[in-house]
Amino acid sequence: MTAPLKDVAPAERARSTSFYEASARTRLELLLDAGSLIEFIGPGQREVSPHLKIFDLPEQFDDGIVVGHGRLDGSPVFVAAQEGRFMGGAFGEVHGAKLTGLLRAAREIGTVPVLVLFDTGGVRLQEANAGELAIAEIMRAVMEARSAGVKVIGLIGGRSGCYGGGGLIAGCCSALAVSEPGRIAVSGPEVIETNRGVEEFDSRDRALVWRTMGGKHRRLLGAADVFADDNVQDFREAALELLGLVGPFGLDRLKAEQDRLAGRLRSFGACGDAIDIWTAEGIADAQAVPELPADQFIALANRIGRTSRDAR
Amino acid sequence: MTSWQNNRAARDARIAAGSSVARGKIVEAHDVTRLLEAVVRPGDRVCLEGDNQKQADLLSRALLAVDLSRVNDLHMVQSGVVLPEHLDLFDRGVAKRLDYAYSGPQSARIARMLFGGKIELGAVHTYLELFARYFIDLTPHVALIAAVSADREGNLYTGPNTEDTPTVVEATAFKDGIVIAQVNEILETVPRVDIPADRVHFIVKADKPFFVEPLFTRDPAAITEGQILTAMLAIKGIYAPYSVQRLNHGIGFSTAAIELLLPTFGERLGLKGRIATHFALNPHPALIPAIESGWVRQIHSFGSEVGMDDYIRARSDVYFTGPDGSLRSNRAFCQTAGLYACDMFIGSTLQIDLQGNSSTVTTSRIAGFGGAPNMGADARGRRHPSEPWLRAGAEADPDSPAPLRRGRKLVVQIGETFGDKNVPLFVENLDAIELAEKLKLELAPVMIYGDDVTHIVTEEGVANLLLCRTAQEREQAIRGVAGYTDVGRRRDRGMVARLRERGVIRRPEDLGINPLDADRSLLAARSIKDLVRWSGGLYAPPSKFRNW
Amino acid sequence: MLDEIIASLFPDGHEVRRDKGVILGSATLRSGVRMLVLGVADRTALGVDEAIRLSGHVLDSIGRDSGPILVLVDSDSQRMSKRDELLGLNEFLAHLAKVLIHADTNGRPTIGLLYGHSAAGALLATGLATRVLVGLPGAEPAVMDLPSMAKVTKLSMEALQEKAKSTPVFAPGLSNLAQMGAVHMIWSNAASLADQLEALLVDLPAARDQRDALGKERGGRLKAAEIAERVRDLALQVR
Amino acid sequence: MEDLSFRHPVRARAGGARRSAIVGVVASGNLEVLVERVLPDAECAVEIKTAAVGFGEVWSAVIGDFVERYSPGGLKFSINDGGARPDTVSLRLAQAVRLIAENGQ
């Protein structure tokens, strides 16, 4: 047998591991300080969805989400990571309740931040009512935790993106980091196409999908404050950066967000495409944005300077 | 008095009839059906250029619209039956008989139409075979071809996707046929002359560029651990020991995995410069990392690939390019190169039987074969010697005196024991045989014959069929790498163990490969985006492969 | 229908306007308390333009008024369009929900009144972001409609309807959402809405989210409360 | 869905100290394997819930070869299968054994 092909330091492994590709567990393992994750209701507890069997569908022992406690640069954090490959990372009853419980504990403690690694298509169809309600409960729990002083950071860069109710939860977070393959939206491309026709949205035009919903557009719009390159180490650094930036939540933030969003509608409400928005933001060669490498894009986004800091 | 120039006279009459709707050689797009009605005669042999990538789509729509009283019962002789219109011609009665080579996306419909008697089938060919017959007994009366641009005299620039065009035009124009080209634009001067004007009789400016399918792009994100393991086995178990430098790859994910492992796994094995230096291959995006790492010296291509133009232009040391800088592909020459100048073909298939025969035909799909049967064949005639060829020959026939011994081309079938939807790769009997019975074909549509196959690689191991001395050994060698398929589970365990001792079957551990190391982190690129990065931004993938 | 509902809720008069599907205004309860009123009418899709007006209406009222807030809902789903997604619909919907939640937890109790249709993101940003969600008979919320479900699950409508008999977990309908704990109560059409509203305001539940407990009590959602509680306990112990 | 269960006597105890480990995800063509060190050293059990019905014989062959090759004594494997191919099953089982053999909790 040959020796293991890779035997490298954790940071190097995290740097060489695509966040997009990695499983929820691998993301957490490499995002947090080595060996620090303590999982709550792990797969050994076999708390599976009680509803999938109605549809003769396979269950997953953790119902598609890992929640727990870990350390980031030595400081305690709560974490939740969705597995985008199981049922598209969708919210079901058990899946959602795990995140709700975590956020409620964070609110009671008040000082330990929460990192949510989104990777979700939204509500799990087979338990739609339970999933929808779970999302409503999570949104409320996020806001109550933030009101109690907790920083809730969303990290978005998974295969399933952050769609449906996941997009609304992300909108409730204190701050977001997003990578290029990450997408944030409510309706998915196929849903829009099915309901409104291919003229409204061609879901197979992936360049269109990404420039409408993808990480670069969300960053340029100021919806996400940090752009991460697609590796776990970059997301780790993004999380640390955001934890340093986020201030306390209050009514002023909501008023600022109202102004921020209303301003966005005034500035870009008539734009038909992301290219028009980027051009209106003052980007000379807007067409080239999707092709920009991460470092150049980050420099560009910082120059444009649109952010939701203190306004969400 | 006997006339010896009837065909020339007929050609001139056709040109004269067609000229009534043309200005010079130029015909307006809305007049093309009228042109075809003037030029094409009932029962004509027509080549409607449909390669596996480039499609004369405007001309196929125009042909479909002809007045049936003037044009009917055509005999289509074309390499690719790819567009729905290609089959609509038969449904409508414009065409009756078909000789072809490849039908990828139309494979299910063509099967239904053959069963329904809508199509009178000549034969399913390989590319080279059909091209050869263009010059013997299937010479087209009319060729409807696609080019990028033309000048007013009719000189054509066929661009990176030149593919079949020179061959089709050669056969048609020099045997008194009519050549009609659709072009994306008409220019004062074409970038380079791929087809001289005196072989082209009419040109039509299409309303939109001809359709090209990105057929050779495999997204590295979809490559599985099983495919990586299989690729590792192939590199270490075949490429390395035979020192295979000149080769052709199929288009499956397993060979894409090999391409992406060269700069990582291959590099670690010290194989750079010793293997995979010269290819007969389309411009596979998956090969970019190997090219950029200095593995590949030269590639000749059958066709091009969407998005690769700028990259090819910038890497003219590797690819064949014209004076204008863009790729010049040529299917006939590249097929010939694959047949005579390569020491190995490695590719996938849908079914392999106990003798090693393989086919991509199933009872409901007749995909045709394209180039694989030529690539995957040992040309039996005299050939120049090379290290892999001689070594394979010696393994197959250790007893003959070396100066008189034929070498063997390495023909490698690579795949996972179970394919899509858990369909087994290995079968007792090919569906092709059942199909041949149903359609009353004299010959089952076998793609690669078992006696040409030298190795089979699956995730379970490498079977070297050259070392098998009896039919029974051969069968057990195949069963011995057939995994948990029915064929694999019915192996004679004792015999398989003995074959392994002789090195006929080699497991991962026999090759020093730990299956647990078969990890996606080994891939030089794990996404299309990585390929773009490797190319320095020169590769511009089509939208459907993007996630940015 | 909306006019009748508003008239029945606020017999003493109101200034509630409806404009392009958006309900904005306020009304005076018989107790004299001013109630802020907002919502979505006429089965309008909730897009960025609607959401920003609704959130603005609530924010304008904070600091100026004091009474409870009523959210009337008869909406489509979120607006499914390229433009809305391009502009960040998720932020607009989340913002509306956040404003409602913030108001509720800061002395402005919120009540949702679901009197028509609603679905998906629109329901999350309105009714499900209030403290108490009330359903009126005839309301027809649908997180996911059955034909779409049939398409995705490749099951027939009949099979889905059959399955829906044994569980409230996926099928549309007010009673299913009530069983899940999403809809707190269903009012009567026969009685005065003003009476029922005032009775609710007198005996308003605490601001703490108790929907999971409610779902368990009603047998519609047996696991959520227990799982959330277990995670919470474990998380509190880890410090 | 189909439930399958296999028990095998085993030559030797599996290496390592971890109590449990999990690999894989439940997705089309994929599976998760939860392995727990809960059995006597000379026993091994595999419990499977699979979306692909009617492949008991193949599972039996895969598990038989796996036990023979890795001697996973003391381990209980619980599998949720989304219709994975046998080679993927073998790989995940091997990965599970490797993971539980690592040092850790």
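Every chain is named by a letter (A, B, C and D) in the order it is written, and numbering of its residues begins at 1.
As a convention for this text, a residue touches a chain if its C-beta (ideal position, glycine included) is under 8 Å from a C-beta of that chain, and two chains touch if they have at least 3 such contacts.
What you are looking at is a predicted structure, and each value in this text was computed from that prediction instead of being measured.
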item	value
Label of the chain whose CA centroid is most distant from the centroid of chain B	C
Busiest interface, counted in C-beta pairs	A-C
Chain nearest the overall C-alpha centroid of the shown protein atoms	A
CA centroid of chain A to CA centroid of chain B, Å	43
Inter-chain centre distance, chain A versus chain C - centres from mean C-alpha coordinates, in Å	25
Length of the line joining the C-alpha centres of chain C and chain D, rounded to whole Å	46
Whole-Å gap between the CA centroids of chain A and chain D	33
Two or more partner chains touched - positions in chain D	none
Chain contact topology (line, ring, star, complete or other)	other
Every chain pair meeting the contact rule	A-B, A-C, A-D, B-D
Touching residues (chain side chain D, partner chain B) in the complex	52, 57-58, 61-62, 83, 85-88, 90-91, 94-95, 98
Partner chain C, residues of chain A touching it in the complex	38, 40-41, 47, 50-51, 54-55, 67, 69, 76, 78, 93-94, 96-98, 100-102, 104-106, 108-109, 112, 123, 125-137, 139-141, 143-144, 147, 162, 164-165, 167-172, 184-187, 191-192, 195-196, 200-201, 212-213, 217-218, 221, 223, 251, 254-255, 257-258, 261-262, 264-265, 268-269, 271-274, 277, 308, 312
Chain A residues within the chain D interface of the complex	23, 25, 35, 42-44, 46, 53, 56-62, 83, 85-86
Chain D residues within the chain A interface of the complex	1, 20, 22, 25-27, 30, 32, 34, 36, 49-51, 78, 80-82, 104
Chain A residues touching chain B - in the complex, by the definition given at the top	1-2, 4-6, 16-18, 20-21, 180-181, 204-208, 210, 214, 216, 230, 290-291, 293
